[in-house]
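Okay, got some structures for you below.
Shared chain: subunit A. Partners: subunit B in the first complex, subunit C in the second.
Right after this comes the complex of A and B.
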């Protein structure tokens, strides 16, 4: 009796075990783990910050999305008609789209979403701001009105911050929506263990192609060595934000590493304070710093020098020129400007961008070499840093930008429009009425060739005026396991999509 | 910690020199300390500019031009270590002096006069002493801001309760002695009694403890700059150098090995010297300490 039972059990166990082995392969290949560096307070799409966009991509659906070439193409929109005066966009929605809670993604829901963001103060507001009115024409048709023609609307609506929320869930959850989001993306939110991870699972009712992985778990691992270790042990499948050295070590350990274009790093110069209010001094600062040597020695090769205010993969971005390393010319320009003794204050972040503190020190060294006495202030706390910069006593400070929309409008608006002077991110108080006019024209011009010409002019004018110490575009590295079969990394944003993008 | 009563006869001039009465470990510590002191005083005159960068020469190994190699910005590593010894010793000494003066005043006043002031001060010092030193220093620097002076105060503040407690406890015991009672009967003021009658009796134990505190202060200051608070990261300070070299640990080990070694040797030399000093000042006690 006992013996027979024993045989039974072992046979069962064996069968179970075989099934487990057989089943384990596909099942585990379907569940993947993504390592992020830091957590965020909310998953509400109207907020930005850190690696939040990567999670937003997967949970939220949008009216438009980016394709592999970073062009905004229809996603939830089945067809669009733009009126003769370019001010009314009539959008017909896909008939089968549903939110994760089963409610339909209809014209009412779109109106609810746009009204909601416009009523808030979040970072997403700027994306919807050109929209003056939303009209529901039919259950599946909605009309968006803008005050001026606004061709970048598609790009704005494709931004991860333009993710659509379920009106029913927002009404039911109120403030708690951000920690229990309900949208209509390829993955639905499952759970959030504070400080540890966010779980998502494939949404079977998704209107697009079936998502490749059954579950994606986003884990927060701030320590870079731990992220490396987990990738080497094959305990994670995607890990972001490695430096060049770690990339080398990972490759040596036979882990696949992808290179991605990161953010544009720059030093904004202060137009309000001497001596940087003098064009010749701003140019001298640009000539004094050896960008290539910094990239080679401090960034260990992970970057390319900036040649314009707009990166080349953003719409309209193209090189305008290059201030080569020429300390003699810098000294001559300073002499011409009559600057004999100047004290500069250089502010830089610490551990926000790769080796940022060291880059700041290196720049100060170069400036001292041409006779500009430079004090370096490094700050590790971002909020404190922004606060300090806002006081306006800097000569130059570091900042970075990356394009989440692929369109230059938001970038030049934020960095150079005089309405932003003295505020984020025009703390340098760059004011030029001609540039203002060009920025406004660029935003409202529909014809592509004309738009390109306008942004070309903006870039050339800005380059010549040297509002920044032009630095470099960083190169980032992410590690991937063999389980990752579907991944799309676009040129502008630094984060990959783990599902197929619309064509 | 040497917080118990410690009263010994003053060192007499006729006895052999204090250095020769020191155990050999103390003498080794003293010799090493002299090397650091020499580097701090005259080093920057003998080495290249510690702040001169040359990116073309970044991350080089040892050579005849750069004896210990160069850092990420091509600055001479030896020159930076030497410049660092000046900053570290200065912080260590100033912070300790700060601790001795403030702690001594608080400790002697509360110990001698007693009463409510004593109760409040003792409780306050007890509260301070349970905090890890680095926590107090971090707090002060965060509130007061960056800069060398603030770092010295922050590190010194940590030493205040240590000295206050030592002085307080010793004063409590001494103030009941006959010669103090006699002085009081003769009409001497409290301040005068503390300064001329109690202070000399405490000097020996303060000196030993202070020597140890110098080492501790150097360590706390290095920790602060390793964490990136306090001194500007550009400064050639050992802790700051450790921090900026941290990411290069596997490729360019010299960036962390030399500053690390400097911190270790400086702290070790002071500790050995302080230990030797204790033997000289109070041989009986230190022998007892070795047996137990």
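Right after this comes the complex of A and C.
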């Protein structure tokens, strides 16, 4: 009997002890836990994907960065002079900027960075490509040369992919740099527990305003219910990527929820294949689909209809018009085009964007209702999807577009320039020499009012030509704990900043 | 014993060779390749071509496989295409977590399953037996992601006894391991029950009882020992099944295991990572079988003779 009692007592003691360990997590207001949906393989700034940009913002400094209005403003640059011919940018750097390893952020370091990216095969290269040469004029002065005037350079250099690396660390670490990065942002990289989290701590030598939190831990939690539970239990402070349903549940559980702009969802139409090579058919497709009903019923209200190829967060983005739901007009246009029986192939992703598969099904339903026999192909595997689309055998396929630079040049270049026809992301083979000319003019025009006019013209012309089935811009939701005092959400990127932005 | 181990080791190598070949070829038959994924949205065809050369994907598949084997023979499984870190390092950082999770689940399932199985066999046809059989049936049909979510709701969200997710405290493993339990317990309990019933009908059990041995010693020492052989084999199979089946649980609990990494690597076409993880699984499967055989040999010397 005595022995049994002893066992019970020790079991209880053990349980109490373990409960103590579990409970003893003093959540300091200075330490913030951010929940991301997936881990990324590397923190190299030249990589893209998932929520990587959010971590990049916090660790990496840049020559320019975005202010609250998403304008690219000087960050590491103390002053800039652009030459008469607009092709030489002379940048004077802040005198006190240091990398996390203590080495100075000087002109040599800038040259090293730009040369590194231009020599690299990665997605960041396109941002630096307009730069033809970099010259070190003084320890704190560097000159960037471009072939043509390129006003969007500031925006490109403010992109999360334009983060600056410490030359010393890159040289020392080589391939390992991506898993233990050294830069000059407000938070420095501390550690990475594979599969679990990335730890960062406030960098006291930061040249800008002191970062508000002592530590930020980015934790990977793929399951949406788990992210919700963690916020309800106050075990985390910021959680991203909730759908409208979860947002309601969180609010019901008294968790603060903020809206955050998402990406523009569109369906690219194929100019190479009948019947979508006919303008009237493309317009008919746009009239046939009830975007508002899809937003209300499939997205549960988490979106706004898109009215231009350039979203409003981007320089020059403004509505060009709206193809309202009008099945009669769609049928009339199809009749006019002589399309009596057509088979369409619709490709949609599954579980990449919110309810994307259901949206694809809904669109097919609307198209069938106006007499377009639509086959739906849903693919959950992104690499396979891109491969399949690349073969060109589609009538329409879904794609999303976000603005990481706040400048329209990259968007229109990638989606509409004829040099990209049949390739990513102009698989629909949109070719129009006039649009090419306008795109090139827009890229090289410095004067703001002229540039606005050019992008206005591009948007109107493209809208009328209906290269897409225009769908919607999504609204995302993020949950915040009471500990979050400083947070900035811009109109463009889908991620918040946990430090103060330059003015 | 030595000869037994040598033969087993030779068979292990052959299995691994076969597994690596299948994985290698199947990955490359999948549409899409790592160069396209890595190059991203703004890739020009030249960038993609350069990347393909960099990863050696431009060479004929036979040459690629030859080079892979040559490196693998020296213990180098290559670099992850996406993280640029050695595959061995990436796997080593995650595999122990998966093994810990599956191991704990199997150990607990083994203990509970055997207990329930013996009770059911002894009380054959009585209410205890029926109850256990019904519970086992529910257990087999309970998907682990569903059990996991229920456990989180009850013990983490409502009661706050355990962490919701992650791997921060010693208690973090409890809920994910518990959500893996029901099917394993059910399988082990049912198997134990039926083999126990067979054994309890054997002559030697009757003889032992007739000689005056106590009921409990007959049950636990004579009968169970003989009933255990198929159960131990089943435990090995369960462990292997759990290794593959933990992906859903790892996702729900944000558990830093190898399952989630495998899925991510497949979707980004990180060939070396997928190959490394599958190979690691193959090694563990084979080793588990070896351990099962050795344990069965200890339980019943007749097994060793074969």
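Quick notes
Here is the rule we use: the second predicted complex is superposed on the first by the 476 of 503 C-alpha atoms of A that agree within 3 Å, B and C clash if a C-alpha of one lies under 4 Å from a C-alpha of the other, contacts with A are read in each partner's own complex, and residues count from 1 in each chain.
We adopt the following convention: contacts are C-beta pairs under 8 Å (C-beta built on N, C-alpha and C of every residue); 3 or more make two chains touch, one makes a residue touch a chain.
Quick caveat: nothing in here was measured; it's all calculated off a predicted structure.
On the superposed subunit A, the two partners subunit B and subunit C both fit, without a clash. In the overlay built on the shared chain, the residue A:251 is in contact with neither subunit B nor subunit C.
Contacts of A:448 after superposition: neither subunit B nor subunit C is touched.
In the overlay built on the shared chain, the residue A:96 is in contact with neither subunit B nor subunit C. Look at A:377: by the touch rule set out above, it reaches subunit B but stays clear of subunit C. Once chain A of one complex is fitted onto chain A of the other, the partner contacts of A:290 are limited to subunit B, with no touch recorded for subunit C.
In the superposition on chain A, contact of A:387 is made with subunit C only, not with subunit B.
Ranked by how many residues of subunit A each touches, subunit B and subunit C are led by C. When the two complexes are overlaid on their common chain A, residue A:83 makes contact with neither subunit B nor subunit C.
Here subunit B and subunit C sit at a least CA-CA distance of 7 Å once the structures share a frame through chain A. The intersection of subunit A residues touching subunit B with those touching subunit C, taken from the two complexes, is empty. Subunit A meets subunit B in the complex at residues 243, 245, 249, 290, 293-294, 296-298, 350-351, 355, 357-358, 361-362, 364-366, 376-378, 380. Chain contact summary for the complex, subunit A toward subunit C: residues 18-19, 21-22, 25, 38-39, 41-42, 47-49, 121-123, 125-126, 175-176, 178-179, 193-197, 219-223, 225-226, 229-230, 232-233, 235, 381-388, 410, 414, 423-425. By the touch rule above, subunit C contacts subunit A in their complex via residues 30-33, 36-45, 47, 50-51, 54, 79-80, 82-85, 90, 93-94, 97, 149, 152-153, 156-157, 160-171, 251-257, 260-261, 264, 267-270. Considering their complex, residues 51, 53, 55-56, 58-59, 72-74, 146, 228, 232-234, 244, 247-248, 250-251 of subunit B touch subunit A.
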